Every structure is written in C-alpha cells, then in structure tokens.
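Following are the structures in question.
Next come two complexes built around subunit A: one with subunit B, the other with subunit C.
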Partner chain A sequence: MSTETTTTQARIRDVLRLHAHLTKDVDALDSSDDLYAAGMTSHASVTVMLACEDEWDVEFPQRMLTRTTFSSVDAIAAALAELGATS
Partner chain B sequence: MSGEAGRDVLSRSSTPALPRIGCDLQRIDHVDRAVADFGARYLDRVYTDAEQRDCRVGGAPSLAARFAAKEAVLKLLGTADGVDPREVEVTGGGGRPRVRLHGRAAWIARRTGTGPIDVSLSHDATTAFAVAVALTRHHDHDENDEHDDRHHQGEEHR
Partner chain C sequence: MLTLTRSETAHLRIWFGDPDRPLAGWLSVPAGSGAPDGPVEVVGGVVLCPPMGEEGRSAHRTYRRLAESLAERGFVALRFDYDGTGDSAGAMADPDRVEAWLAGVVAAHDHLRGLGVHDVAAVGMRLGATLAASAPVQSTDLRWSSLVLWDPCVSGRLFLRESEALHAFGDDAAPEDDGLRHTPGFQYDAATATALRGLDLTRLPRDRPLAARVLLLLRDDRPVPPSLVDRLALEGDALTASTAHDQHLLLDLKPSDGQVPLRAVADIVDWLAAAAPAEPYRLDLPADLPALVGRADPGVVLPAVPPEGGPAVAVRERAVTLGEVGLAGVVVEPADGSAADRPWVVMPNVAAEHHIGPGRRWVEFARAWAAQGHRCVRVDHSGIGDSPTRPGEREDTTFAPEWVADMSDLMTALRADGSRVVFVALCSGAYTAFEAALAAEVDAVFAINPRLTLWEVPVDLAAREVRRAAVVPPALLFRVRDVHPVVASGWWRIWRQLAAWRAPYRIVHRVLRRGTTVELVVCHDDGKHFTEVAAWWPVRWWDQRRGRLRLEEDDVYDHSLLTRRAQEQIFVRATAFLERHSRA
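Showing the complex of A and B:
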C-alpha cells in the first residue's frame, strides 16, 4: 500500500470518526468493511460526503450519490480518486 | 408529472396495482449536528427552498421528519442510487404533507408505475419517523436497472 493511499485512508477514517456516527470503532474496521453494517445511516452518509468535500475541496456529482460510493473506506477512497482528490 | 398523470400511469397498465410502503427513522440530534457543522451547505444540498421555509419554525425535528420522509419514499421506490435528496420534496408546514418528485426520482416513479405517494410524519424529543405509501404496478423493481438522464430531466411526479 503506498504512502498516499495510507494517508488518504487515515483522513477518511478521521472524517468517519467525526461524522459517520458508527456503532463500531472505525479503527477496528478493515478498509473494505461495510460502513452501513457498522451503523452508518443514509443521513450520516450525507454528512460524510459534505465533510469529504470540505477536506479535499471536491464536489460529489449527482451520479455518485449512491449507496456504493460511501459503503467502505476503500469505496470512498476510490470516489475521491475519481474526483481527482490528492492525499 | 401531475397527480392526474400519476393516476393515469396506474390506470393504463394491465398489471394489478398493489400497495407498497416505505418507512424510516431519523435521529434529531444528528440533523441538529449537521446544521451546526455544515450550515447552509447541508440545508441546500438536502432540502428544497420550500422545505426549508416549512421547517423554519419547527427546526431540527421538522428537518429530521422531512429527511425520514425522503428516505421512506426512496425505500418505497426501491432505490436511492443517483437520486438527489432534493428530488423527493415533502412540503406542508402544518397540514397534510405533500410529496412531489423531480428528476430521477420522478423517472423511477413513472417507470415503476407508482401512483401518487402519501406520507405521514411524526417525531418525539429524540427521533423522527415517516411512512410512505403508494400503489405500484411494478412489483419487482430491479435496483440495478440502468437509467438514462435524457429520459428524466425535468420530470415531475406528485
């Protein structure tokens, strides 16, 4: 795993810690674990999206407003990469 | 798409119309926190101008009930993928709430032969709740159906 990937995933975990209202410790989750299964609600996924937009200065387009986009740390990292966000 | 048009969708099909429901709970403190953290960005990304006006007095409990209603409607429709939260609009400050669908949400309703949608909202001190009900002709909506933006831009469904 590259340093850039590690940094991005750490920042995503920071965002999740503040905004996802998970019922499990975010650091105990694998990057591929389902965040909805870990307690994230649809409303929390909206606030996670807004926090990611602030953190990386990007905007999620409507086509990316899907359950899959915010389903895991890996999925969020992939979405941010697609939006051109850097670590 | 008007209410009359929504009923026409049901009357034209030979498939029997069956009731479908959706429901959702929403923590009020999570909405309160979102407003505190993101302010107008949160409000403008999730709620239409009309919804924000309707919730001006009621505050976070009213916003939470609206959000629960949006989710209840999306569960009824069978998918939330690609739907902007503002495309499910729930208005009505004091009286019976009214659902208006726009964009992809309206397109999904038309495609699934879903008639006019009724919602009921409630909340206590901590949690908001909403239930949505409608008749639909499409009983096994495939959540992975491809959608085409050309077909639903500007559509409205009540």
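Showing the complex of A and C:
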C-alpha cells in the first residue's frame, strides 16, 4: 500500500471518528469492513459524505450518491481517488 | 372559528394569502387575553418557517411547541405551510415552487402586519431558514426585526443533495429513471431543482443586513461551510452564534422517533424575548376575519384533479375538531355538497407524524378523491400533530393506548347522522382502523403495511387492556429483545406458530367476521405477520375465497411509503378500493 493511500485512509478514519457515530472503534475496523454493519446510519453517512467533501474539497456527483460508495473505508477511498482527490 | 386551547396558548386555524391559493396556518396567541374573539395582549409577532420535505414532517411537533412557548411569552406566532406543502393549497408538481414558497413567507409576514403586529420576527429551520433569509430580497417592504437561522441549509442545492443522498443511502432506495430528484417521501422536478440553486445564503446581498438581530444556531457535529461563516460575519454585532442543541435527536432519526429539541426551543424563545418591549400592546383579532375558518365556516374552495385525470373540480377543505377530546382534522369533499350520502373516508395520521401522510400523500390523495365525489377526513390522534393531549397522557406516543378512545370518539362523531365509514390507513393508522372496526361498524379497511404486533411500544403501554386489535408478545420477549432483538424476533415467530391465538391474522379475521371488508397491501416483512402462521392458512384461504379479504404482498410497498413507486401504486389500489366500497 502506498504512503498516499495510507494517508488517505487515515484521514477517512478521522472523518469517520468524528461523524459516523459507529458503535465500534473505527481503528479496530478493517478497511473493507461494512460501516453500516458497524452502526453507521443513513443520516450519519450523509454527514460523512459532507465531511469528506469538506476535507478534500470535492463534490461527489449524483451517480456516486449510493449506499455502496460510503460502505467501507476502501469504498470511500476509491470514490475519492476517482474524483482525483489524493492524500 | 376553530380554536384549540393547549396549556397557556390558544391556536387559531387560519387560511391566508391569495384567496385562490390559500395557505394553511395556525395562529398561536396567549390564552386568557381575550382570544379567540376579543383583543389579545402581545409583545410581538413571529413567523415560523418550517423545513421542507421529510424534515418538515419531523419538525412539525417542534414547531408546535415553539409556537406554544412563544405565545406563553406574549408573542403571536404564525406557523404555516408553504404553497403545495402540508395543508396549504397547491401541489409539489405545480410550477414555480421556490418562487411560491418565498411568496408564502412574505404573505405570512404581511398577515401578521395586517393584524396589527408592530415588529415581526422569523424563525426558520433548515430550508425554512434559507427561505426566511431570502424573502426580504423578494419584497423590499419586508424587514425582520429578528431572524433565527436554525441549522440552516446553506443553499437549496445542498438541501436537495443531502436529501437525495439520504434517500439513496436508505433501505428503500431503488433506482428510478423518471427525471425527478427523489428524497425520502418527496420528489422534486428538474425546474424546482434548478430554482433551488438560486437559494443560497452565501449569495445574499452583502450590503443589506438580514435583520436587526440574527441568531445563528449550528450543529456541533457537522462541518460548517466557511462561506456561510464569511457571509454571516457581515452582520457584525447583530449576529449571535450558538449551538443547535439536540438537533441530531430531531432530524437524524425517523420522524416517528425524533424528539423535540427543548433546549434549542428555549434558547430561541429567550433570545427573541430579550428584545421584546417591556409593555405588551393590544392586538384586535377581527371576529369576522375572513381567513379564519372553523366548524361553522364554509372553509376554502380548492381546485383538485380527480384520479382519472381531466379538468380540475372544485373541492371544499375545512379544519374541524372531532369527538369529545377535539381531535384535529381536515375535511375535504366536493364543493357542491354532493358527497353527503357517501361514507367518510378516514385517513389517520401515521405514527407520531401529523395528518399529511407520507410525502404529503394523504393531502393529495384526499383532494383527488374529493374531486371524484368522495368525502375524506385526515385526522391526528390525541397527543399527535395538532390534536390536544388527553389529561394525564403523554404527547407524541406512537400506538398510545388512548388512541383506542380516539377511534371511539371519532366513530361516534362521524356516525352520528348514520354515515358509513371506511378507512385508508398506514402502519399504526391501520392498527387503529382495526381497533375502530372491532368496536363500531366500519364498512371497509384499506390497510397498508399494518403493524398489529406492538414491539415498538413500552410493554406497560402495549399491554393496556383497552386494546382489542393489538398482539402483544409475552413480557419475557420484550426483555430479551432489549438485549438480543434478532433472537427475540426468532422466538416470537416460533411462539406465534405454536400459540396461534396470538397470530395477527386472528385480528383481521375478527374484523371480517363483523362484516367489515379488508384489503391488506403489504411488503414481505409486514405481510409475513399475516401469512406465516400455518394454523390460519385455511381460514385466510376461505376469507379470500368469499371475497371479504384481499391481500397483495409486494416489496414495492416500502414500509413507510417513502418511495414514489409505492405511493403511486397505493393511490391506484386505494382509488379502486374506494370505488368498490364508497358507492355501495
């Protein structure tokens, strides 16, 4: 895993820690773990989306506004990468 | 004049604005000061601009409490529904939505000024804040004395994106390629989406103060856009910023589970009261104010298109109180009075939400059916929406035991002249429809995703013995459910097979035996309560064969009816149901 990927994932975890209201410690989750199964609600995922946009200064296009885009750390990282947002 | 008195407040039901497209509102004034017919003593007026869409449904109770709290402090508060929303005239599909919503804010301001209020303030939550702040741009005569921006949407575009994402991230989302923007329960067309982009707090004129005083309440669990901070900093010393306490408990839960953010309500009332004049002044509410409607009032006439399409037909809509407790209802019927011999179509509120139904469909369905010749009443249970709370009972309690008494009251009131009654009801509303049908004569029940197993209710309330149509699992299972909900659910399903007398279908069968026809329209999760207990299969088969029961099970009907597909299909089915049972 590249340093850039590691940094992005760390920042995603910071966002999740603040906004996802998970029932588990975010650091104990694997990057592929389902965040909804870890307690993230639909409302919390919207906040995560907004926080990611704020953090990386991007806007998720409408086609990305799906449950799966924010279902795991890996999924969020992939979406950000697609938008050209790097660490 | 229709008046409800709650605590220290009198609420007057009003229609105002353009008589051809009247806006529905509640005017809350200090009780005991002459209201509703005499002069009242007030210290100012406040327009309450509600959030839009599902957030508006969630905030209804909060706005009612805010209006009461303001009236208790001497304000006259006007809470209202924008054009095409709530009980107001119009529909979401009409053109020029954003323009009409802004015009509604201006009309509310002008209405209070017309009553003689000296200083008019505004409180707006979410998109309501965006609209309240933007309205003065539309009307140079509009100046808010104070303005509360309560968890504001920075822009209409952002509101729509958040709402859309919430819908897409939810359990009920299904891709729909119909050109509409789908949010929970509500849909917006492309023109409205475009117009919403024009609503933007950060782009409001920088050389014009938003109000003499501005209170900004922001959530502390969400990022704050720097552009909003920059714009509001221009308000200088007029700006007070604070936390929107407990907003997550209001808006991050289902409308049925949301809690009134009492701390925020108190903060707002205190802040507004701080600038109020020490001495109240007299406000004369004209007894013949044409906008006031009530039981003896003819109400307002609205155009409505019948289900089969064609030209609009005039229907009459009026607010009523029903039964001993004074349940708040809205009657809509053909304007020519031709429905007097038709059954009442009763549409109870759902869970703890007020009487507009999911996505405001109860309003739109009822108007369309009235255009077709039916007479409908959408009604709030006691302690919910705009209805009063029974003495000693709690407000906002879903499946409250006193709802059984509400139905008894309602049936007595509606059937006093021998009228027949049918129900169109969803979830908890369907539960009370069954309660009504077990206690009185009901022609037919159209039950959408009914819940007769009272898991959602505290065990002491669930087991209250006034209930006839409730299936209450053993108390032990409630305790297990608190710790292991999946295990409790599994045990319950096994128990139900063995203890068939606890099966929800037994309730349906009892209703059928009383001569009521039932149509169950359910998603799979809700349907299994009625279909999976083997002991009842032959009975159900026989009930269906005799034509007394119709059952459709399809996952298109999401439980809360928040998707457009479900809403449209329910409309078609319920219209056919009424045609079968209302003309008989």
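As a working rule, the second predicted complex is superposed on the first by the 87 of 87 C-alpha atoms of A that agree within 3 Å, B and C clash if a C-alpha of one lies under 4 Å from a C-alpha of the other, contacts with A are read in each partner's own complex, and residues count from 1 in each chain.
Just so we're on the same page, a contact is a pair of C-beta atoms (placed from the backbone, for glycine too) under 8 Å apart; a residue touches a chain by one contact, two chains touch by 3 or more.
Computed from a predicted structure; not experimentally measured.
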{"item": "First (subunit B), second (subunit C), both or neither touched by A:65", "value": "both"}
{"item": "Which of subunit B and subunit C A:44 touches, first, second, both or neither", "value": "both"}
{"item": "Touching partner for A:34 - first (subunit B), second (subunit C), both, neither", "value": "neither"}
{"item": "Which of subunit B and subunit C A:14 touches, first, second, both or neither", "value": "neither"}
{"item": "Subunit B versus subunit C as contact partner of A:57, first or second or both or neither", "value": "neither"}
{"item": "Contact residues common to both interfaces of subunit A (with subunit B and with subunit C)", "value": "19, 41-44, 46-47, 50-51, 54, 62, 65-67"}
{"item": "Residue ranges of subunit B touching subunit A (in the complex, touch as defined)", "value": "24, 26-27, 30-31, 33-34, 37-38, 41-42, 45-46, 67, 71, 80-85, 104"}
{"item": "Complex contact set, residues of subunit A against subunit C", "value": "18-19, 41-47, 49-51, 54, 62, 65-67, 70"}
{"item": "Contact set on subunit C toward subunit A in their complex", "value": "161-162, 164-166, 168-171, 173, 221-223, 225, 248, 251-253"}
{"item": "Residue ranges of subunit A touching subunit B (in the complex, touch as defined)", "value": "19, 21, 41-44, 46-47, 50-51, 54, 62-63, 65-68"}
